[in-house]
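By written order: A, B, C, D and E. Residues from 1 in each chain.
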Amino acid sequence: MAILEIRDVTSGYGEVQILWGAGLTLEENKLTCLVGANGAGKTTLLRTVMGLLRPWSGSILFEGKDFSRVPAHTKAEMGLVLVPEGRQLFTDMTVVENLEMGATNRRSRPKFKDNLERVFEMFPRMKERANQKAGTLSGGEQQMLAVARGIMAEPRVLMIDELSLGLAPLLVLQLFDSLKQLKKTGITILLVEQNVQMALAVSDYGYVLSQGRSELEGPTRQLMDNQHVRTAYLGL
Amino acid sequence: MSAILNVEGITKRFGGLQALTKVTFDLPEGQILGLIGPNGAGKTTLFNVINGIYSPEEGRVHFRGKDITGHKPYHLSRMGLARTHQIVRPLNGLTVRENVTAGACFGRENQKLGRAVQIADEVLEFIGLAERAEQLASSLNVAQKKRLEMARALASRPYLLLLDEVLAGLNSSEIDGMIAIVRKIRDQGVTIIMIEHVMKAVMNISDRIIVLDYGQQIAEGTPQQVAADTRVIEAYLGDPKLAERLMKEE
Amino acid sequence: MGNSGLITSLVDGVLIGVIYGLAAMGMTLIWGVMSVINLAHGSVIALGMFGIYLLFTSLGLNPYLALILVAILGLLLGVIIYSIAIHRVVNASHLSTLLATFSVNMIVIGLGTAIFSTSPRNVNYSLGNLTLGPVTLLNARLVAALAAVLVTSALYLFLYRTRLGKYVRAVANNRAAAELMGIPSAQILALSFGLGTMLAAIAGGLIATFFPFTILSGGVYELKSFVIVVLGGLGNPLGALAGGLILGMLESIIPIFLPNTWVPVLEFLLFVLILLVRPSGLFGVKK
Amino acid sequence: MKRTLFALGTLLVLAGLLLSACTPAATPTPTAVVTEAPTEAPVATEAPTQPPPPVEKTAVIGFTASLTGKLNVESTRQNDGLKLWMDQVNAAGGIPLADGSVVKFESKFYDDESNKDRVQELYTKLATEDKADFLISPYSSGLADAAAVIAEQYGKVMITTGAASDATYKKGYALVYQSYTPASHYLTGALDQLASLDPNIKKIAIVYENEKFSVSVVEALKAYAEGKGYEIVLYEGYDTGTTDFGPLLNKIAEAQPESIMGGGHFQDGSTFAKQLFDKQVAVKYLALLVAPPEPSFAELGDAALGVIGPSQWEPLAAFTPDFGPTGVELVDAYTAAFGEDPSYHSAGGYVAGLILQKAIETAGSLDTAAIKAALDGMDMMTFYGRIKFDTSAEAHGLQIGHDMVYIQWQKDAAGALVKQVVWPTAGATAPALFPLR
Amino acid sequence: MKNWLNPGLWFTLLLIALLGIWPILGQNAAAREVIFTVLLSVVFASSLNILLGYTGYVSFGHIVFYGLGGYIGMFLIERYNVSLWIATLAGGAAAALLAFLLGKAILRLRGAYFALATIGINEAMRAFVNNFAPFGGPTGIELKFQVYKAYGGAAQALWLTYYTIFALAILVVLVSFFIKQSKFGLSLMAIREDEDTAEVMGVVTPNAKTWAYVLSAILPGMVGVLFFFKNGNVEPGDAFRLHFSIENLVMVMLGGQGTVLGPVLGAVGYQRLRGFLLTNPVFKNIQLSVAGALLLLIVLFIPAGAVGWLRNRLPRLRKVLP
């Protein structure tokens, strides 16, 4: 069943249009990835879905109901969670406090203890650093924390923007590994990623966004063999 | 053909983060050098070291034969080094013409105001913003702002122009327009280094390409050579071996 | 000066220092959360003094009991000031927020002068003295210093141990991310401003228990707060306590070596020097 | 072209608006005309003979008052004193002049915000636009100084009150007359008293507000004390607005003076006295400027006990006036009008009016030269004490007739704090409480 | 050359000329005093605008230049019997020197840190002068009444200071206008918009900022001498009153920062408004609060000031109103 459906959305900043008709469908309990070149509009799409930007046209359906005009904090309350690009951690607060800040909505608060254990299990590093300030973590640890903080919110849909940005290969592998585990726990995930290979490797279904439009979609194995994906990205 | 820029063993750290490691290259005059690599690879940091915003922990930068390591950005501008920013930084409260005039005023030729205005108008004509000269820079759209940044850099009549993702966020016709402009600039004898993610463009336009990954130069050569390099493909598309491992575990 | 003089001076410095610190704490809290320098700070301190005075003289309330009421009123006042005068410009330039708070200051001082005049008031409530060796202390000051430490601890517990307090820190640290987490940042900003003015009002109330004051008395503490806030690190409420202590000690020790009137010269030179050399404060992380 | 014309048009409209807004003549500036119901208080002059009704003139008295800012309290009292005088004169039918007409008074005043920025602007407005016939000074020496330049320049007689600093009268003014005892005499009497109380006391600490008036007081005091062989064990200033005297008190305790003199204005003086008491600094004699004579000084409770202060005037001081009301009459009238006891600032305001009244009566006209002559020749006894001005070229207008009285807070039989005049002995209402502690 | 034809410049000059000539025509002393106060603020606010409006640095303690200039001038007049003209120039020079030295140090700070530092400098200076015996300490410096004799008596001296400040007001508009139209002005505005970018573009930012600071300090230093000469005395509290500094910021903001006309309009508007409130029987008891409330409304709803608001509303005025 589709939990989130984006239909033909246009949006942008001020007068500048970035999205020219993007659409995608998230199946429940699946990991869907969205790839595309820099400036293709991936982040803009996430921000529009999250409600940080208003869609100019088109619709966004959550469990079949249109919620394109619902404000961001209500969406957060409903279980739509965004792990933003650049992590956006609370650098002056400890790891645990960051996790606590993730669990601010009503559904997640009672489960804080359980979720904390779950997250520590998934990222043992976080447990080691529980009382360290987030700003003192390494880049990879920070990214882990950002994802972990997202999980703490009991998300129905977890959207992750640029999971592997600027991280060393081994860390990237670890993170993607965690993502696979996470999928098993039954969270619906939308992953936005520049690292096309890796993204496709872990996902069930993929979309390619190009210049604000959905250009291509399909099961990831299919996309991986698609020559167009390679050309669209590397320009060979 | 002499080298206009020599970069020797540049190393830059931020706290514990190694942003650049022993980056070394020479840039012959009149060429376009493409600088590519994943986000966070250190490309913009390299620009910042070259134009004096950061000083490197190790290594030297020579520009037109002079050691410019650690020089202030405004000195370098006077010496003929101009750049654009990845995230456009127009002087929002000033008009388009004033923005470009400022470029001409304080750049290499250090023009008087009257002459600078003339240069600004010429450059705006060249870059296709003449109609908007009177508008406030803040009222431009992203594509126009990118052009404005280019115009401002050009008006300083640089020897070397550093372009940081001037194509990002443009649609394909805008990209084509911008590529044409970059070519024209090169044809006027300006040496260019461009950071770019739009591969189609960078592969087409560059004489040479350097690939950075985790602050290290992992490849250097013609577009064809670089595109065939397995390390580049790994760095860019992601490591197929790692991807395979991920898939196997299922 | 002999040893006993030095000890007396130090004790005095510590006692007044924590009060200074408390007075500055609200200012630095507000700066830390929303990057606003509150020029109405001094007038709120003065309102705190008058709050105690009125409750004590007209209702006969015990000043320390009245302090609780003053704190609550201070919180409310802050929330109101924020909603009317600050919220619209909280993201604007520093000049806008400086002038907005400055106009609030003008309004409060103008009305305060019209109502209370600038004639000095005194809360005539004595707790007696305490003599320990060479040191004679006024109990009211001892109690005030203790109260200041208590309030500071309460603030610490609030910021670091309660969910709401953590929201305040989260909004201070990264407002965009806080919003993304579903933290209602506008309300948190209003609350933070309220807390800032509450702290100022409490400090004023405590000062009123041992110093005479007028509606203009807050200005002195506002200027001192600037110095303290910079000493302790802008935006660091606990640093303010340390900054206050340093200032209190300086004020009591410098006069041993120099005429008393040189104290402000040295104080403000130190202030500028720290801004130049360590803008993050003596205890801040050097950037 | 069209655009430019449009723009120019807009500018001109703007200019018009702005200029019309700037013309003071266009803005109605009603002034504060004092037209209160006449008070029942005794009247200073005889009512003029009944018919025919004399021609009535109105003389305007102009001044600024500190409605806001740090000098608000003292200035308001001064203002009230002057207002009382004016109400009484007007109620009594005014002052008869030589030409058979009578003159009544109205006042015009503006807020000077306790600072100097606008004093000259406002006094010039008073002197020219508002056609003030006489000027009264603002409260405080600093402001009076700025106003004096204007008074002198426009040939207006200015009676200063609340402006004790000697310096103003040594600048060469011809029309400025001082009703206060000059600053240099504020504390010298205290030293005389101390000498009579205990000739063995030699160690004095002088601590003072580091500000014009207080400094001129203590400089004179210091010279006087040193001349008499006293040892000044501490001579130190503190900043205006000081609230914590701890460090200074420690220094005093260290210096072990037998007597402390100095102070500044009300707030710092009362704070100092309170903290000195709280710290239990042992001292035999304590005399402070300005604060002790204020009735609200009693709010300090035990800290006020025994503190001595110089006062320009005290209700208790029983002078026998040859002009104007007696002290008792003034106190009654003032209390009836304002619901509080007059302080010496109030008396200062009243006496400024009284000086003017006497000068007009003597001159029989409103002519400046005649009034100047009357003032120069004036030597009268009022409820406030003797009034006489220096007429030398070096210090013209300086008050030389009036002396300070010294009050001390003592406890009456019921244990309540009351002010007693303790010096000079001739006017004393009680012996001094000595030593203090 | 065509700069000279700018209608906005002529409008501003005309405005000041009309204001300034009015008391002279009627030899109206009350008007003269009113306009003196206004012109003083015109000079101060326009000077401040060079730093605040053009360069984007908020100087809260700008009064330090006024106070120091005033003190130096009064010191020379009182001690060495120097003429008012030389004293005025010396006051300006002292302010410029202080700005130059300070500029090297504190212009490194940005935003609120700079604003705080300027407050600290002013307070330190005030406290220092209060202790500085050659300047009379807390008593300050007093002039004898005879000083004015050299200028034809007090009345004449007051007119002279008035003519001088009138000339300075014209000068400040010209300076402000030609800075704005110059290459130097362009460098300042580039710094205001984005200091890092300006640096990359080749603006030698440390020098440009320092000169802007110096230029904005000279005239306040000079008017300080005029004001205190007129008053006949100077005391630390009056010379370094932070409140006055802030009032001038308000004027710049009211009229429109970064414009030539703005500070002039702001100074005239603010001073007349305050003058009106101070002398108005309804408002005079709560004039401070009324002024505060009006200021708040303007800060909240017309943050660009009068001229900025006009320019935003009618873009075609942009060319005409510098």
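Here, contacts are C-beta pairs under 8 Å (C-beta built on N, C-alpha and C of every residue); 3 or more make two chains touch, one makes a residue touch a chain.
For clarity, every value in this text was computed on a predicted model and none was experimentally measured.
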So which chains are sitting against chain A and chain C at once?
-> none
In how few steps can one go from chain A to chain D if every step must land on a touching chain?
-> 2
Farthest chain (mean CA position) relative to chain A | D
At what distance in angstrom does the C-alpha mean of chain D lie from that of chain C?
-> 36
For the pair chain B and chain C, the C-alpha centroid-to-centroid distance in angstrom is 49
Distance from chain E to chain B - Cα centre to Cα centre, in angstrom | 44
Which residue numbers or ranges of chain E touch two or more of the other chains?
-> 127, 130-131, 285, 287-288
What residues in chain D touch two or more of the other chains?
-> 67-68, 210, 237, 239
By the touch definition above, chain A meets two or more other chains at residues none
Chains touch in the following pairs A-B, A-C, B-E, C-D, C-E, D-E
Residue ranges of chain C touching chain E (in the complex, touch as defined) = 31, 35, 37, 85, 88-89, 92, 94-96, 98-100, 102-111, 113-114, 223, 226-227, 230, 234, 259, 261-265, 267-269, 271-272, 275-276, 279
Touching chain D in the complex, chain E uses residues 7-8, 11, 14-15, 18-19, 22, 28-34, 36-38, 127, 130-131, 137-140, 142-146, 153-155, 158, 230-233, 235, 237-238, 241, 244, 265, 268-269, 272, 275-276, 278-281, 284-285, 287-288, 310, 314, 316-317, 319-321
Partner chain C, residues of chain A touching it in the complex = 50, 52, 72-73, 76-77, 82, 84, 88-93, 97, 100-102, 104-105, 149, 153
Complex interface listing, chain C residues touching chain A | 163, 166-167, 169-170, 172-174, 176-184
Contact residues on chain B for chain A in the complex?
-> 16-17, 38-41, 141-142, 165, 167-172, 197-203, 214, 227, 233, 236-240, 242-247, 249-250
